[in-house]
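Below are two complexes that have chain A in common, paired first with chain B and then with chain C.
Here is the complex of A and B:
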């Protein structure tokens, strides 16, 4: 598949430390691509370098075969959905959406239908005349999205655009965002520290830590086959038993030793947590290693101090390299 | 609670009554009296002072004051906006140094600083002598004692009052908005024109009011730099209380000026209020 964006060994240092430490990645055309990592891992700096708000110390940024280094932000065919939305407070939702088209010198006759189509696409026709101060969080988010999309960028950058929404709304907007991306076919580069967001939205994910890429892969690959301990731990809970990682949902628990073919460890129950759709049973083994097992409601109840076997199928072990 | 409030309000209430309401009442009283022979006021009560305000002579002075104050205000805004933008975008340390420089002139007397301008602008002053010695001109330029000199002096004197409100407005502007504008294809000029300037309207209005009102009442600058040739309302009032010894008429002009300023101010404040909604 053809690449939209190519980052070639990007470096960026600030006086105190190196923020982006040799990043290379290829974003295929039309892909929903996520940069996933904890805060301070350098993902926002990468986004700022692509948008043109910061220049890399070394390395190349190539978009559809064109080198972007040195171009001013307004010269780049890239738009951004900011974390704070950065809507112009003196302009209505419709005027905010029209802003980019006006700067491109399009005539009012061309702009109006484009703005209307975009308002319709994000379901904001009723709110077109409102100022940002009179829009809800979700409406602001959709206005920001529409404003960035209406100019048909070659690449859309999204800087944690869902983080300011409340959890229930976030899940709904997540689905809308994915459907919108699929419908428009615009390449999305999505920055997030929320692994659930990245897993549910992305075609591909690059997991970052301390300015470096830890792993690139599909959501399934990085969740089921994390390359490093960091990736395994960042994407979900992991039990580490003698250097082997296994996720709680693959970890079983029983009072009697399991049948052959499974790896088992004896443990003692510390606590039991009800999570709604399941229970998490926290245990510790003889050497003090903590192991959590996820069990369904139907399982027999375990009490603190119960002697149990925790076990898993070797096929469920995470193939972590280091 | 109410007693505490009364106690806390007492000093400012006393201040307002003694230093503002009482003098103002005296001025109002004066304005309806007849002039005394050696200054002061005397009976009978009259409205003649207000009728005299409509004399075309005073209309010309009022018009000149409005034109010169408007010119000074526009120039102040034109200079102050880029300056305030520059300061607002500077680093934290540089920012405080620049702000310090903006208010530095206040450390000396306005009178002394206006005299300094006379030394700069007069026929044998710095500007003319440099231009003469460089043979750029053959005879001194008439820089002093004209309306231009007065406007220059007003701009100089009141520029900080324009810079400070604009700076505080620009400082509060979300930096992301400029980035968002650039991101959507706006050149720096376009992002200033379409984003920064509209969002600076409150600061602009505050700056305009803070410059225009003192300019309108200025008497020192037109007196010294205008050489008494192009007098403004301030000078007219001053003359009534000094050489003309016509306190009632001076009072009437003062009150008329105050009324004018209040009309302008309420119009502007109303706009601010509407925008806040």
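Here is the complex of A and C:
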């Protein structure tokens, strides 16, 4: 597949430390690509360098074959959905959306239908005349998205655009965002620290830590076959037993030792947590290692202090290399 | 219950202390007697006020000075605030605020010394221009204060967003930052106008013979003894500026 964006060994340092430490990655055309990592891992700095708000110390940024280094933000065919939305407070939703088209010198006759189509696409026709102060969080988010999409960028950057929404709304907007991307076919580069967001939205994910890329892959690859301990732990809970990682949902529990050739360890129950759709039973083994097992409601209840066996199939072990 | 009644009485007393003198001043400006004994309603002092050529000239001077210094101070102060917002410096912003807490008499004397020193080489006299310059100098800090307050609540990413959507730096400033700041700039200009029109200490030090302002004339009149014309002018100024300040407050809240 052809690449839209190519980052070639990017470096960026601030006086106190190196924020981006030799990042290379290829974003295929039309892909929903996520940069996933904890805060301070350098993902926002990468986004700022692609948008043109910061210049890399070394390395190249290439978009559809064109080198972007040194170009001003307004010379780059890239737009951004900011974490805070950054809507212009003195302009209505429709005027905010029209801003980019006006800057490109399009005539009012061309702008109006494009703005209307965009308002319709994000379901904001009714709110077109409102100032940002009179829009809800979700409406602001959709205005910011429409404003960035209407100029048909070659690449859309999204800087944690869902983090300011409340959890229930966030899940709904997530689905809308994915559907929108699939409909428009525009390449999305999505920055997030939320692994669930990245897993559910992305075609590909690059997991970052401390300015470096830990692993690049599809959500399934990254979740089921994490390359490093960091990736395994960042994407979900892991039980580490004698250097082997296994996720709680693959970990079983029983009173008697399993006879099916699975790997088993003796443990003692510490606590039990009801999570709605299942239970998590926290245990510890003889050497004090904590192991959590996920069990269905139908399982017999376990009490604190119960002696049990925790076990898993070796095929469920995470193939972590380091 | 008892406590809240006490608070109400206390508040009433504070407000009375603040505003009763002004009400008395306004009332006596309509008194037909020259003295502070009520004799009857009269507009004589207002007629005298409008007939006084010296007062008219002083009022005109004050207006010209206030308008000119407001325009200059608002432009300079807004740009200063913008610059400090983009590239903050504790020392630079601190030293600008310093002029707010410098006693006026010190500011006035230093400006006078500065003008005399410069004018020795340039052969220029004290006059309207020196008053305007002095007013610009002390109004900038007020403008800065108000515009900075507005900028502090502004979203830092706004200009980035404008650049991102294809605006160049100048367009980002003109189309996004300036409109966003507009209420703050108007409020700052109203404040600058008020402090300029009101100033006596600094003005009297740097004014020339042709640049007597309204506060200077009023001060001279009041010193010569009680004069209801002074009350009449004061009442007019009080009402005018009360309205301006209220307007300024509303602008800042927007």
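Here, the second predicted complex is superposed on the first by the 322 of 322 C-alpha atoms of A that agree within 3 Å, B and C clash if a C-alpha of one lies under 4 Å from a C-alpha of the other, contacts with A are read in each partner's own complex, and residues count from 1 in each chain.
Note that contacts are C-beta pairs under 8 Å (C-beta built on N, C-alpha and C of every residue); 3 or more make two chains touch, one makes a residue touch a chain.
Treat the numbers as computed from the prediction; the structure is a model and nothing was measured.
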**Message:** If we overlay the two complexes on their shared chain A, which of chain B and chain C does A:89 touch? Say first, second, both or neither.
**Reply:** both
Note to self: On the A-aligned overlay, A:104 touches which partner chain: chain B = first, chain C = second, or both, or neither?
What the structure shows: both
Look at A:74 in the shared chain and tell me whether it touches chain B only, chain C only, both, or neither; answer first, second, both or neither. both
Practice item. Scan A:14 for contacts with chain B and chain C and give back first, second, both or neither. Key: neither
After superposition on the shared chain, which partner residues are touched by A:147: those of chain B (first), chain C (second), both, or neither?
both
Both partners, chain B and chain C, contact chain A at residues 51-53, 72-74, 78-80, 82, 84, 86-90, 99-100, 103-104, 147-148, 151
Per the touch rule above, chain C residues touching chain A in the complex are 155, 157-158, 160-168, 171, 175-176, 179-180, 182
As the complex stands, chain A meets chain C at residues 51-53, 72-74, 78-80, 82, 84, 86-90, 99-100, 103-104, 147-148, 151
Residue set of chain B touching chain A in the complex reads 174, 176-177, 179-187, 190, 194-195, 198-199
Listed in rising order, the residues of chain A that touch chain B in the complex are 51-53, 72-74, 78-80, 82, 84, 86-90, 99-100, 102-104, 147-148, 151
